[in-house]
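The data blocks that follow each hold one structure.
Note that chain A is present in both complexes that follow, paired respectively with chain B and with chain C.
Right, the complex of A and B next:
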């Protein structure tokens, strides 16, 4: 029931976000209409990071508490994180072609995001190849922690390596900054994405619990 | 210190009998070098541009080959069970395994790196010592991460596929830093060499400590 409320809220949030992005926000001066992809692009990236942070925290909680509920949250959040990271990469590719003239470049932030995507797809694959639940949970938790710690080190390495992506518009240095209306549209989109994440996570957890119940009954039937 | 030495000697004794790990790393590293030479046919100045990348691809893949069997062999023979019963901490088990993996990789590199220099006609002069330092520090980080990941992948189906999937993305910052530092050595301009070396050292230390702390969760029954 609670999840249905969140579902309705995220639907309303998404509609508001669409209105904010396409009607409310002003058109950017140099890039024109294409720039409107920015709101989804940035929101998806931030939600991806948030989801992976949830994986990190839940993995630590699992190792300390030995409660499979934490493992479930970690795994489900990783899947949704990969989804948001994929949206971020896809919108980035679509945005880069008209503005930079290329689909992809091995610039710092693009490379990092792709790497993050690969790390957490590996995380999901790892889970698929281990049968015993407690063992799988522990090994995935360890990899989830290692993968998250790897992110800041990767960030430094790749940033020194090269950079083409525009410097952060938000909280950036001099010459950065967003129009106030653009800011509001971004915040609305981010809030809608946050609701969507919560909704998806709730659903995914429910599916996971049902699956575990089915497996339990299957074992019961087979053991008779 | 005694139990740690015993753990390392055990791995050395096993390797002396089988001679699988070191030999396969050497041959694989050599193969990668040869394939790259056919693929790019580098000559003259190009060689200095491509060589750092080639070297680290060869070392990375050779390392993964060696690490693949590192914990699987203990698991298959129930040797791990015995080690867990022995009065040593889980942390020592990890450190011992890192030490022996590091050692085996260095022995393989003792063959791969000189052959790589000969085949590519690299002129290093006095910078050879710096190259050795990069290779040693890079290999150490690779072994520190690889040991815990090989313990993880040993528990999965499709072990041989799983390890590179986990290992390569996780060690990427170290590989980037090692490639960048190696190119600086081969080039004229040495600026930024120190910060790349710091990155490699930082990577080694962080992953050694974190892996040491979480290793017990990987091997427990």
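Right, the complex of A and C next:
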């Protein structure tokens, strides 16, 4: 019931975000209407980073407490993080073609984002190949912690190296930033994405709990 | 304009597909639990 309320809130949040992106935010002078991809592209990237941060924290908690509840949160969050990272990569490609004239370049940010995606897809695949729960959870936790190292480097990549990717608009230092209305639209979009992440995580965790319940009943049936 | 439509379509299709996949999986698992529960109930009846 609580997750359904969050689902409704995230739907309303998305509608508000669409209004902010397409009605409230002004059109950027040089890129024109295509720049409006930016709001969902950046929000998807940041929400992916956040989802992987949850994996990182939950993995540490699992290794300390050996409680499979933390492993469950880490695995579910990783899956949603991959979803957001995929959306970020796809929207980035669709922005790059009309603006840069190319679909892809091996720029530091793009390469690190692709590497992050590959790392967490590997994390999910790793889980599918090990049957024993504690062993699988421990291996995935170590892998998740190591894979997370990409996130801070990725975040700083456009601050440390000036390459093809646009310079940062958030925490970018002097000379960076956005028009105030664009900033507000971005904050609204990020809030909507946070609600969406919360809803998807709740939904995914519910499925995972039911899966564990099925495994429990199957064991019970086999033991009879 | 086409690029903008494509980018937002990717987002909404992705989220919708994932949510649909989760809902279907949840339904299948619920059905499986019901089957297993009735199996356990039947075997309990046989035992008694």
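The rule is simple: the second predicted complex is superposed on the first by the 208 of 224 C-alpha atoms of A that agree within 3 Å, B and C clash if a C-alpha of one lies under 4 Å from a C-alpha of the other, contacts with A are read in each partner's own complex, and residues count from 1 in each chain.
One rule holds in what follows: a residue touches a chain if its C-beta (ideal position, glycine included) is under 8 Å from a C-beta of that chain, and two chains touch if they have at least 3 such contacts.
Every value quoted in this text rests on a predicted model; they were computed, and no experiment measured them.
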Which superposed partner A:150 touches (first chain B, second chain C, both, neither): first
Contacts of A:135 with chain B and chain C, given as first, second, both or neither: first
Chain B versus chain C as contact partner of A:41, first or second or both or neither: second
Which superposed partner A:98 touches (first chain B, second chain C, both, neither): second
First, second, both or neither for A:27, with chain B first and chain C second: neither
Doubly contacted residues of chain A, that is, touched by chain B and again by chain C: none
Of all residues in chain C, those that touch chain A in their complex: 1, 3-4, 6-8, 10-11, 14-15, 18-19, 22-23, 25-26, 29-30, 32-33, 36-37, 39-40, 43
Complex contacts: residues of chain B adjacent to chain A: 145, 148-149, 152-153, 155-158, 162, 165-166, 169-170, 172-174, 176-177, 180, 192, 195-196, 199, 202-203, 206-207, 210-211, 214, 217-218, 220
Chain A to chain C touching residues, read off their complex: 33-34, 36-37, 40-41, 44, 83, 86-87, 90-91, 94-95, 97-98, 196, 200, 203-204, 206-207, 210-211, 213-214, 217-218, 220-221, 224
Parts of chain A lying in touch with chain B, wherever the complex brings them together: 63, 115, 118-119, 122, 125-126, 129-131, 135, 138-139, 141-143, 145-147, 149-150, 153-154, 156-158, 160-161
